[in-house]
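Here come two complexes built around chain A, the first alongside chain B, the second alongside chain C.
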Partner chain A sequence: MSEAFASVVLALADDELVLGHRHSEWTGWAPHIEEDVAFSSIAQDEIGHAGNLYTLIARRTETDADALALGRAKAHYRHATLCERPNRDWAYTLARHWMYDTADDVRLEALQGTADPELAALVTKMRREERYHLLHADAWLRRVSQGPVEGRTRLIEALHETFADAVGLFEPLEHEEMAVKEGWLPVPSDELRTRFMARASAALDELGLPTDIHTRVAEQAEFVASSSGDLIADDEPAAEGVTPDATAGGRAGRHTGDFDQLWDDMTFTYRNHPGATW
Partner chain B sequence: MDVYEVFRRAGHKDPYEHCGAVIAPDPEMALMMAKECFVRRREGQHLWVVRRTAIHSFKDESLLDIAADKSYRFASAYRDVVSKREKARTRAAQIEDGTGE
Partner chain C sequence: MTTRTLESAVWEALAGVPDPEIPAVSVVDMGMVGDVDVHGDEVAVQILPTFTGCPAIPVIRADVIAAIEDVPGVARVAVDFSFDPPWTTDRITPDGRRKLKEFGLAPPTGEGPVLITNIGLPAFAVCPFCGSKDTINENAFGPTPCRALYYCKSCRNPFEQFKPV
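Up next is the complex of A and B:
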């Protein structure tokens, strides 16, 4: 199996697993019981997608999905930082849910054209569930954005932060050039990012929500989204010499302390009971 | 005139089930019509009418299709938990009385 192919699948799988895990932390705590069930289902969907993607890789590398999902060292996970952030409040969780699923839709739409037929079929299946995630996220975002001032204020703050982090979903993948050349990734990450920025900005604009973002990439440089959807350096000197590698975070296995806690929880049973089945 | 969807149930422990629709100018008249159209032969003891415009559905009902494996939402997926628990109990007892590891 091509390393570049594995890189495309693992980045996607790790995003879904880690975000699914965060979502699942709401189980029992969501604002009301019906939403608790709905959001828990979304968490299960995301983890289910991760499971399918890990299985795809596992079958070709003679390992198993659990080993990939739960048996890797932290630095081997390739999810974007957005996915590992703690849930904080419901506004933050919603903003992230919306950003992630909007970005995921852009990415999955492109991946339906991947050169690997099995991955293409899986992505098509995933998108059938992701449609509901998008509707759910949109419905909530619209309500909170038009609701009382406290919720709106919290949401706006959360959108600023999550929009910045969402850009990290489109950091170049490991072996990105090869993945594009071999057709596993039909659209390069920077083009996907441009599409995402345009789509998210237009949607937020329509809701009267702010679309300007200030993002700190790998704590090294400030970027601002331009109207074209491209990132432009906010601060010229700081941005100079920033290469794609230097700006890469999650996709290069560089995670924040938030992932330490998440990984400890998520892999606890697997680490303490080798060979356990569930 | 509006369309009212009619629901009836046989007894107070049964669920309301949709049985048809009537056209009426208001809820009161809808009930008058529905009684004779749908419970004239003792088909039910309770009757609801709901203005059709008050009923909401997904525009695209394929959203309700289950796309992926959801076996974990069914009790049957956890059948082996009983035997696993038994095994665990036996092992715990063995460890306690010193016959296990």
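Up next is the complex of A and C:
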């Protein structure tokens, strides 16, 4: 199996696994029982997608999907930083959910054209399920953005932070050039990022939400900031500590301290009971 | 036994394999059997999973193998799970839809979700208890990946729908 192919699949699988794990942390704790059900179900979908993607690699390399999912050292995971951030509050959870699923749709749409027929079929199937995630994220973004000031204010802060992190989903993959050349990745990450930025900012703008994120990222994408709604000032500052530099590196295995706790929890049973089945 | 009759015996056996989460319907009713290939006494079956994260898949694999191994004349069974073609709710047979309804699960509406504009949630499902369309989607997600939650305003019962995908 081509290393470049594995790199494309692994980045996608790790994103879905790690974010799926974060979503699953709402099980039993979400602010509304229907959302408890929704986030649990979305988590199950994402982890199911990850499982199928790991199986795709495992079958071709004679490894084990569980070992790929749970048996790697932290630095061997290739997910974007956005996925490992703690859930924090409801606004942050919704903003991250929306950013991820919007970006994921851009990426999956492109990957339907991958040169690997098995991956193309899986991605096609995944998109039919992801459609519900997008609908869910869109409905909440709309609801909170048009609701009372406190929710809207928190949402805007969270959108600032998650927009900057979401760009990290489109960091170049390992063996990116080869992946593009061999057709596994039909659209380069740079181009996917441009598509994501355009789609996300148009959607936010339509809701009167600010679309200005960190200057450096904006400049890179030749992105023009647009107006916010009338409830919040245009110069709402981005939250402290959010810079593109701090969020870069997930695709190269550079993760933040947030991943330490997640990895410990996620791999606990696997590490303590080798070979257990359930 | 000829290949042709063995093949129909295999299909008959598959018709007796229930969906582990909805035992009222079989894998055949659900349209999950993509292909049955018989070569001599060897049988290869392609199963199309309904949802990628469905935890029932290993159970279905074991049940399908056990059912086909019981068919006289079968020496070997191979079961392959595939997303090509993708399973969609259109594959559920008319019989399957009727059985879902009898089970208390509203069959999927049309070819995809009928959406409320601007909210994006499915507009309605037909109540499996009273047949009313005066229903409201309470959650696009449910207790399993394939179910959504509704409330019937006519007979005032909550119910679940098999989600259109």
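Structural remarks
In this text, the second predicted complex is superposed on the first by the 244 of 278 C-alpha atoms of A that agree within 3 Å, B and C clash if a C-alpha of one lies under 4 Å from a C-alpha of the other, contacts with A are read in each partner's own complex, and residues count from 1 in each chain.
As a working rule, a residue touches a chain if its C-beta (ideal position, glycine included) is under 8 Å from a C-beta of that chain, and two chains touch if they have at least 3 such contacts.
No experiment lies behind these values; they were computed from the predicted model shown.
In this overlay on chain A, chain B clashes with chain C.
When the two complexes are overlaid on their common chain A, residue A:135 makes contact with chain B and with chain C alike. Contact with both chain B and chain C is seen for A:125 once the two complexes are overlaid on the shared chain. By the document's definition of touching, of the two partners only chain C reaches A:117; chain B does not. Look at A:62: by the touch rule set out above, it reaches neither chain B nor chain C.
In the superposed model, more residues of chain A are touched by C than by the other of chain B and chain C. In the superposition on chain A, A:48 makes contact with both chain B and chain C.
Comparing the two complexes, residues 44-45, 48-49, 52, 125-126, 128-129, 131-132, 135 of chain A contact chain B in one case and chain C in the other.
Listed in rising order, the residues of chain A touching chain B in the complex are 44-45, 48-49, 52, 125-126, 128-129, 131-132, 135. Of all residues in chain B, those touching chain A in their complex are 62-63, 65, 67-70, 72-73.
The part of chain A that touches chain C in the complex is made up of residues 34, 37-38, 40-42, 44-49, 51-52, 117-118, 121-122, 124-126, 128-129, 131-132, 134-136, 138-139, 142. Put simply, chain C touches chain A in their complex at residues 51-55, 82-88, 113, 115, 118-121, 138-145, 149, 163, 165.
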